[in-house]
Every structure is written in C-alpha cells, then in structure tokens.
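In what follows, chain A forms one complex with chain B and a second complex with chain C.
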Partner chain A sequence: MVVSVSLALLMLSATDRPTTFRLAVWKWGAIVLLLYVFIAGWIVPLHPGIIQVNPGTASAGDTVTLEVKGYNTSFLRDTSQLSAWLRLSGDTVLKAGHIRVFDDRQLKARFYIPAAFPFRSEAYPLTLIVVNGADGASVLPNAIFASPAVRHQPEEMSLWTQHKLQGIQVKAGIQYPFRNILAETIRNTYFHVPMWFAMILLFGVSAFYSLHYYRKGDMDLDRKSVAFIKVGLIFGLLGLLTGMIWAKNTWNAYWSWDVKQNMSAIALLIYSALMVMRSSVEDDLQKARLTAGYNMFAFVLLIPLLFIIPRMTDSLHPGSGGNPAMGGEDLDHTMRLVFYPAVVGFILLGLWISQLVYRVDKLKGNTWS
Partner chain B sequence: MELNKSFHLYACFTRSMKRKSVIIVALLLVVQQMYAQGATDPDFMRSTGKIYVVAGVCIVILLTLLVYLVLLDRKINKLENRRHND
Partner chain C sequence: MNRIWNLIATEARIELRERYALTGILLYVLSASFIVFSIWRQLPPKEWGLTFWVIFLFCSLMAVLKTFGKESEGRYFYYYTLYHPLELFTAKVFYNLGLLLVIFFTLWLVLSVIAGNHFLRPGWFLVTGCMACIGLSFLLTFISSIAIKTQQNASLTAIMALPLMIPVLINILQLTAYGLGTTPDDNPWNEMMLLTSMISLVSGMALWLFPYLWRS
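Now for the complex of A and B:
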C-alpha cells in the first residue's frame, strides 16, 4: 500500500503539466480494492482437507486400511482428539478402530465395514471425515465405494449407529473452504469471475451510450460507446482465457464444448464482428449509426447467451443446470469478503481503462478533423 | 535481375518484421519450454493443491492488461508527436 501510494505520488510530481493533475477518488478506490484483492486472495490459507485416499473400494464384512493424504492438515498436533469416520448418511457413521499417524499430512486408518447396510444398493459411497483438535473436520466426499456383502449379517447393523459424530471443533482463524477437485483454485473466483462482471457492465454502459447516440446524434457519444466495447472485449477475452486455464486443471480440457463456454465465445464473436463491421464502413456518420443499432441488439443478445441458455441444459460450469453459482460452499462468507471487492475493483479498472481509450480516441478525432 | 529484386523485397520484409519476429520467436520458445516441462512433469500445474493454476490466471490477467496499456501508451505517444510536429 505504502509503496504504491508513494510511487503514485512520485509519478504525479514528475509530470510537467501546467495544470495540476489529481487522480479521481474512484480511481484511487480501484487501486486500493485491487491491492486488497490480490493480497487477501493469495495469503489467506485454505481450510484443511483430504486430497487422496487409497484404496478406493472395499467390500462389506472386511477390514480395510485407508491411506489418507491430507492438505494443509496438521495430524500430529493435538492427537488426543484425533478420530476418523466413514459416513454413509446423516448419523449412519463408522468410527476407525485404529489410526496411525505418519506425519502432518499422512495417516492410516483401519475400518471394519459391517456386512449389513440400512438400505439396498449396488455400491455404497462413503464420505471420509478426519477430525482433530487443530484442524476441525477434513472431509472427502465419496472417498471409497463399498460393495455389498456376500453373506448378509443383520446383527452387524448396529455397528453403523454405535458411535456418534459430534462435538467437532471449528478451526480457528479465517480460511477459504476446501473443495475437492478445486483445492487452491477456489481463489480463481476472485480473478476469473470479475472479468465477466466487468465485461457485462462495460458492454451495458456502451449500449447505454449507443441509445443516447440515437437520441442526440452526437459523435462524441459514439466514441464513448466504442471505447467501452474495446475494453469490454479485452475483459471478455481474459475471462475466456482464465476460464480455459482453470478448466484444463479441473475439467481436464481447455475446451470441453460446454454450453457456458460456447455461448460466451459466441457473445465475444458477436462483439468482435461489430468492431470488424465498424472498420469496414468508410463514412463516419454511417459508421456511428450502424454501430449504435448493432450494439444495442448485441447487448440484448448477451442476456440469453450468458444467463438463459446455459441454465437450460446440463453444464459443468456452476450456475447452470441447477448448480448454484453464488451460494453453498462455493462462496462462503469469508470468500464474499474478497469476492465483492474484487468485482467492484475490476469494474472500476475497466471503467478507468475505457475512459483512457475514449480520451485517446477523442484527441485523435480532434487532430484529424 | 529478377532474383535481385525479389531478394531486395525479401530484405525489406525481413527488416520490418525483424523486431516483431524476434518477439514471436521468444514467445514460442517460452511456450515450448513450458510444454517440455509439462512432458517431464505432467502434474506441475496440479502440484501443491493446484496453486499454480491461480498463479497462471493472475499472470495472464496482469500481462494482458499491461500489454494493452503499453499499446495505448504508444498510441498517445504518436498523437503527441504529431501535435508537436504541427
């Protein structure tokens, strides 16, 4: 903070302009918010979690020893409260008979899987929960799949309800939620998502200026709307690129022809076509009129492309096919403390760059005419 | 003669493209290096809780915005020069 502020002041004092230059308050806001987002987004640790369990299957009526690999865990600290559980559903849980800790990140837990289940199924997915005093509960959903017993033994049913999982301590301090598959990439919520927020807002502002151009016919309004489209396209492109990097490491492919990916690419193509069309018209007045009309329709199209169509079918992306995007464990209260400043900060940055582009275009127009 | 002329054209082309192609080749080398690393260690991006994915995303955002600002700066510079010359 201090370094950036002093650098900015140095930069201001170095300009030899006759009029004193003062950076607008909202631009300072953008700087402060983005600094906060980059710092908080990187230094707040992740909640302890489990990344790997071996083996992945077990059969009922057998004893299984699970090799557990933790992430950010400290198994060695506070071993008195250490316990491991396999949960079938609700209070239907098994407690590990024996646990051997190797280090902070590795332990082995031995479970006996009863030869009877409360309900009938082909396979039973079990959630692994490791509890200790320092970490609270580390959870891995569907850690192992148990196959039904060859010989059903109803008397073992009571083993499922013998122990109760309760009195789990919550880990102290602030941390981001640990989500399997996502792990640390949950932090991308602060960088990838605001790109799209900024793009939509910039395109919206641009459409507003286009509407205004239709009413007033002022060429300056056309210049404004185009500046916002240019920067909106940059943010859209960044949203797509960052999404692809994230997808490669969570969905296993840069591009999986997902509805959300396809529709956002189409939206960007529509706006790129607008820029191409603009450059192909020579008459300035005609250029401005065509742009204004096209731009308003493009913004209207953005709504079904980004908000409606992806929600109508299944999709890998959160916010589609019934997945919540802005709730549940994907965005808890700690994350909101960084996410909303990130959205505001990147939107302000987008407005800032657009304003610069507009000012340059305006200067260019004045010198040429 | 014919050969000479085409050679001259080629020389002009290379001269104008020299700086750009140097940048492009450098970028290609970087990308190739990254792929080569990927070949030996396919899990680099997924190691330590996939933190390098977040790093990659941040670098892409910062680099793109930086390049865009540099291009904008160049545009302003041209305008200033034109104004100075008038």
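Now for the complex of A and C:
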C-alpha cells in the first residue's frame, strides 16, 4: 500500500503537467481495493473466544472449577443468559452448576464430571462453550481432558443428557472468526496468501513472454519477462517473510523445515540463479536467449515443486498432509469479503510494479544504445 | 542413430585417452565415501540412503560439469556443421548417462563393502537409480549447456542445477527409503509415477529448448 501510494505520488510529482496526470482504471482499482483491504483487514474485530482454561485436566467423579480467560469477550455486559457448557460430543453435554464472573475477560465455572461415560477411552477431551447475551457462543475445543473414574457409577450416566445445549446465538455484526492458536494472526490471510498468488501469476506471465521471445526474438519481450521475474521474486520474498512471522506466532519457530517452506525457498533460489546467470553473460542476445530457455524450464519445474510435492508429504501448513487449504473452516463469508479483493488487489499491484520496472529498464536500455 | 553412436564413441575415445578424467571421478567417489564413512563410523539404513545420494549428487555434478567445457570453440563449429543440435545433445546425454551409471554402481559397490548393504528391495533401488541417472543426465547436460555460455561456468552450473535437481532428488529419496524399508509407505507407485512424469517433463523441455539455446 505504502509502496503504491508513494509510487503514485512520485509519478504525480515527476510529471511536468500535473493537470493531465492520468491512471488507467485498473490501477485506480488496485489502489481502492488495497485501501479497502488494509482498512477492513486491520479494523474489523475478532469474534469473542476463549484463550485459556485452567486446569487442563480433571478426573471423573470430581467437581472441577475452571478458570476461563476470554478474548474480546464482555462477560459483565449481559449476565442474564450467561451459561457454560462442557461438550463431549453432539448432545452429550454438561452444564456448569455455578458461574462467577470477575470481569469482562475472566470467569470461573464449576462443573461436576459424572463418574460414567457413554463410551470407553483413556481420556475424554471436552470442549468448553461459554454463552452470554452480548457475545453469543465462545468455544475452545479440547479445553480439558477428563480421565476415567476410579469407580464406575452407571447411575450418573443420565447427567450427560440432563441439559440440552440451547440458547446459542451468533454475535451480531461483522467480525472475523476466532480460531484457537491463530487468534489475531488470522488477518495475515489477507497478506500472506495473495503474495503467492501474485508471485505465481507474475512468473507465469514472465514464462509467457519468454515463450514469445523464443518465437519472435524481440528484445523488448526479454525486457518484459525479466521485469516480471524481478517483481515476482520480491512478492515471493514478502510471502516467505509474512509466512515466517506467521509461523513464529503459530508454529513457534520462524523456520521449522516444513516442506512448504523449503519448496518455496527453493523456488526463489531457482529464480535467483536465473538473475545471477543473467549478470554473468555479456552478450545481450545470448543473455536474452539463455534467460528465455532457463525461464521456461524453471517454470515447468516450479509446478511439481509448489503444487505436487508439498501435497504428498506431511506438513504443518494448510493445503497439505490432509489439512484443508482454504476450506470453509478457515475462511468464512466475512473473510471472503476481504480475501478476494486482497488477491485481486495485490495481483494488480504486482502487474503495475512490473510495468514500471519494465519501463525503467527500457529507458535505461535506450540511453545505453 | 548411427551418427549419434559415432559421437558417443568419439567422446569416449577422447575421455579414455586422457585417463585421469575417468579415474579422477572414480577416485572422487572412493575418497568421498571414505571421508563420510570415517566421520559416521557406522551407517544405519536411513543414513545409508541419505549418504549415498549426497555423494552421488556431488560426483555427478563433478562428472557432468565439464560436458561442454573441455572442447575448444573450433570443434563446436565443426560439430555444428556436421550434426543437428539434437544429435549432439542426445549423444552428450547418453554419454553422461553412462558416466552416471558407472558412478551409481561404483558407489553402490563401495558403500556396500564399507558400510554393508541394507536393502530389503534391491530391485526397487536399482530401478530408482537408473531413473535418477536418466533424469539427472538430461537436467545436468542441459544446464551445463547454458552455463558454458557464461563467464564462470563451473560455479554457475552448481548454482543453477542444484535447486532444479531438488524436486527430482526428493522423490528419489522417498523411493530409496522404500527400497531400504525405512518408510511405512506401502505404495511406491505414486512416487514412481511422479518421478517418471517429472523426468519426462525435464527431458521434453530440454530436447525442445536445446537446439534453440545452442545457436550462437
């Protein structure tokens, strides 16, 4: 955004006739879309959620008092409908016997865990659901793990179905979903993912120009393909950096040798090698021809590298190892409203910068010859 | 085909005349495995596979690097008038394939002698190795034909070839793990299919682009 605005200002100040300054419609489109993405991406709040529950374990047949820490919640505002639930599965739920609210973010809920479970297991993961009038339902999956009772008491089985989970409403207004672990970093979806879309598209356009150069041998086409590679590399680098920051916050390390990280780093290495190769050839025609050949070769190999191999191995990254890529769970309708404009906006920005790079290269080339 | 065979034969004759070239490669294989083994002291199956391909990678780079380098400019002009670029390229690929196969079998022999042969399915490893040699000989010959046109050709071959080799190598490592029996994976056909398609992609692109890159 800063880049595009400063570029626009630069163009405005550089031109001798400010009155005739004009931008193509799609460039205005890019500016408007990215402004919208940056504003909506940062300002829209997250849905209330639960970040911490203490203790994390309980044993059946005991009363447990859970200290619940909310995020973006307002427990105090509407206490009339306040209720807390532990859910084993489906309609098998427990209702909190007593709830004490300390402030908007903290409450204590007391549960009795029955000494009988509907099925047999080593440990029973329970999902905590806190409902109140102001926030709707806040959910923390696997909030506590209950261990089986020492003495099995079948008569307590009915406690699981005594209450029906009800009165759950969604909080009104526009907000992004609260995901466990992701929390606020879910906003990075609007910046990290479009970088890769833009990079692939720019490299694709570059390979297309290389193909044209291969057919026609026009030096202008070579200049175009190189401009797109340069900008694609920058987008790839930004994608890698945003991904690393995201990984630090969710996977707890900037670099965890995940297959997706490795493959994208290799993709950037391949194109960096192309730039190194270009700088070590002196003859312009030779340089253009080798660039075209290597570029097409690299783009064809890029497809298995980025789209096939990561899907075949285990990975922390969404989109591989059985994780959904952009399934319904991670991208709800509110997020789509920002995500798709972000993709289009960043792609247009990439095309715009590439066009500028190409023009600068061309001007430089003209002064030399 | 006959003309290609002539080229390969010429290549081999030149190589054998300067005996240090071929023996140099073999010595490289031997000393590299010796160094690695004296560092590791023992090689369990998983490490065996990794070590094998690391040594193979550098040996193959060494061997193929000088494909186009050792001949004078003049000879290429001469070749250019006599042969179609594709014939020249095919000859070079076949010759390099031979070299890589020699390296592959020597390395297998050497590592088996000093560190034991851990294979549950040696047949699979043999097929994997042959596929790897085919793929890498296409890729490396193509890259070295690009690199020869630049000023620093030795370092550039490595810079350009290594990242491009990685997708192929990852697949080969998975198949090797299957051959060694160190993976729970029961169905290697997926990887085999991917490897085959990648190799055909690489060879197709190389064959398509080489005649164009060769003109100068």
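Going forward, the second predicted complex is superposed on the first by the 348 of 369 C-alpha atoms of A that agree within 3 Å, B and C clash if a C-alpha of one lies under 4 Å from a C-alpha of the other, contacts with A are read in each partner's own complex, and residues count from 1 in each chain.
The definition used in the following text is that a residue touches a chain if its C-beta (ideal position, glycine included) is under 8 Å from a C-beta of that chain, and two chains touch if they have at least 3 such contacts.
Just so you know, these numbers come straight off a predicted model, no measurement behind them.
**Student:** Looking at the superposed three-chain arrangement on chain A, would you call chain B and chain C a clash or a fit?
**Tutor:** With chain A as the common anchor, chain B and chain C both fit in the superposed model.
**Student:** Does chain B (first) or chain C (second) touch A:H212, or do both, or does neither?
**Tutor:** Neither: A:H212 stays clear of chain B and chain C.
**Student:** In the overlay, answer first, second, both or neither for which of chain B and chain C A:K69 touches.
**Tutor:** The answer is neither, since A:K69 touches no partner chain.
**Student:** Touching A:M296, do we find chain B (first), chain C (second), both, or neither?
**Tutor:** In the superposed model, A:M296 contacts chain C only, not chain B.
**Student:** Would you sort A:K362 into first (chain B), second (chain C), both or neither based on which partner it touches?
**Tutor:** So A:K362 meets neither chain B nor chain C here.
**Student:** Quick check for you: in the superposed arrangement, does A:N249 touch first (chain B), second (chain C), both or neither?
**Tutor:** first
**Student:** Of the partners chain B and chain C, which touch A:I270 in the superposed model: first, second, both, neither?
**Tutor:** second
**Student:** Quick one: smallest Cα-Cα gap between chain B and chain C in the superposed arrangement, Å?
**Tutor:** 25
**Student:** Could you pull out which residues of chain A sit against chain B in one structure and against chain C in the other?
**Tutor:** Common to the two interfaces on chain A: nothing.
**Student:** Per the contact definition, I'd like the list of chain C residues that touch chain A in the complex.
**Tutor:** Result: residues 142, 146-147, 149-152, 156, 159-160, 162-164, 166-167, 170-171, 190-191, 194, 197-198, 201-202, 205-206, 209, 212-213, 215-216 of chain C touch chain A.
**Student:** Taking the complex as given, what residues does chain A use to touch chain B?
**Tutor:** Checking each residue of chain A against chain B gives 38, 42, 46, 51, 71-72, 182-185, 187-188, 191-192, 195, 234, 237-238, 241-242, 245-246, 248-250, 349, 353, 356-357, 360, 363-364, 367.
**Student:** Which positions of chain A touch chain C when the two form their complex?
**Tutor:** Residues in contact with chain C: 214, 266-267, 269-270, 273-274, 276-277, 280-282, 286, 289-290, 293-294, 296-298, 300-301, 304-305, 308-309, 312.
**Student:** Which of the residues in chain B end up touching chain A in this complex?
**Tutor:** Residue positions touching the partner: 45-46, 48-51, 53-54, 56-58, 60-61, 64-65, 68-69, 72, 75-76, 79, 82-83, 86.
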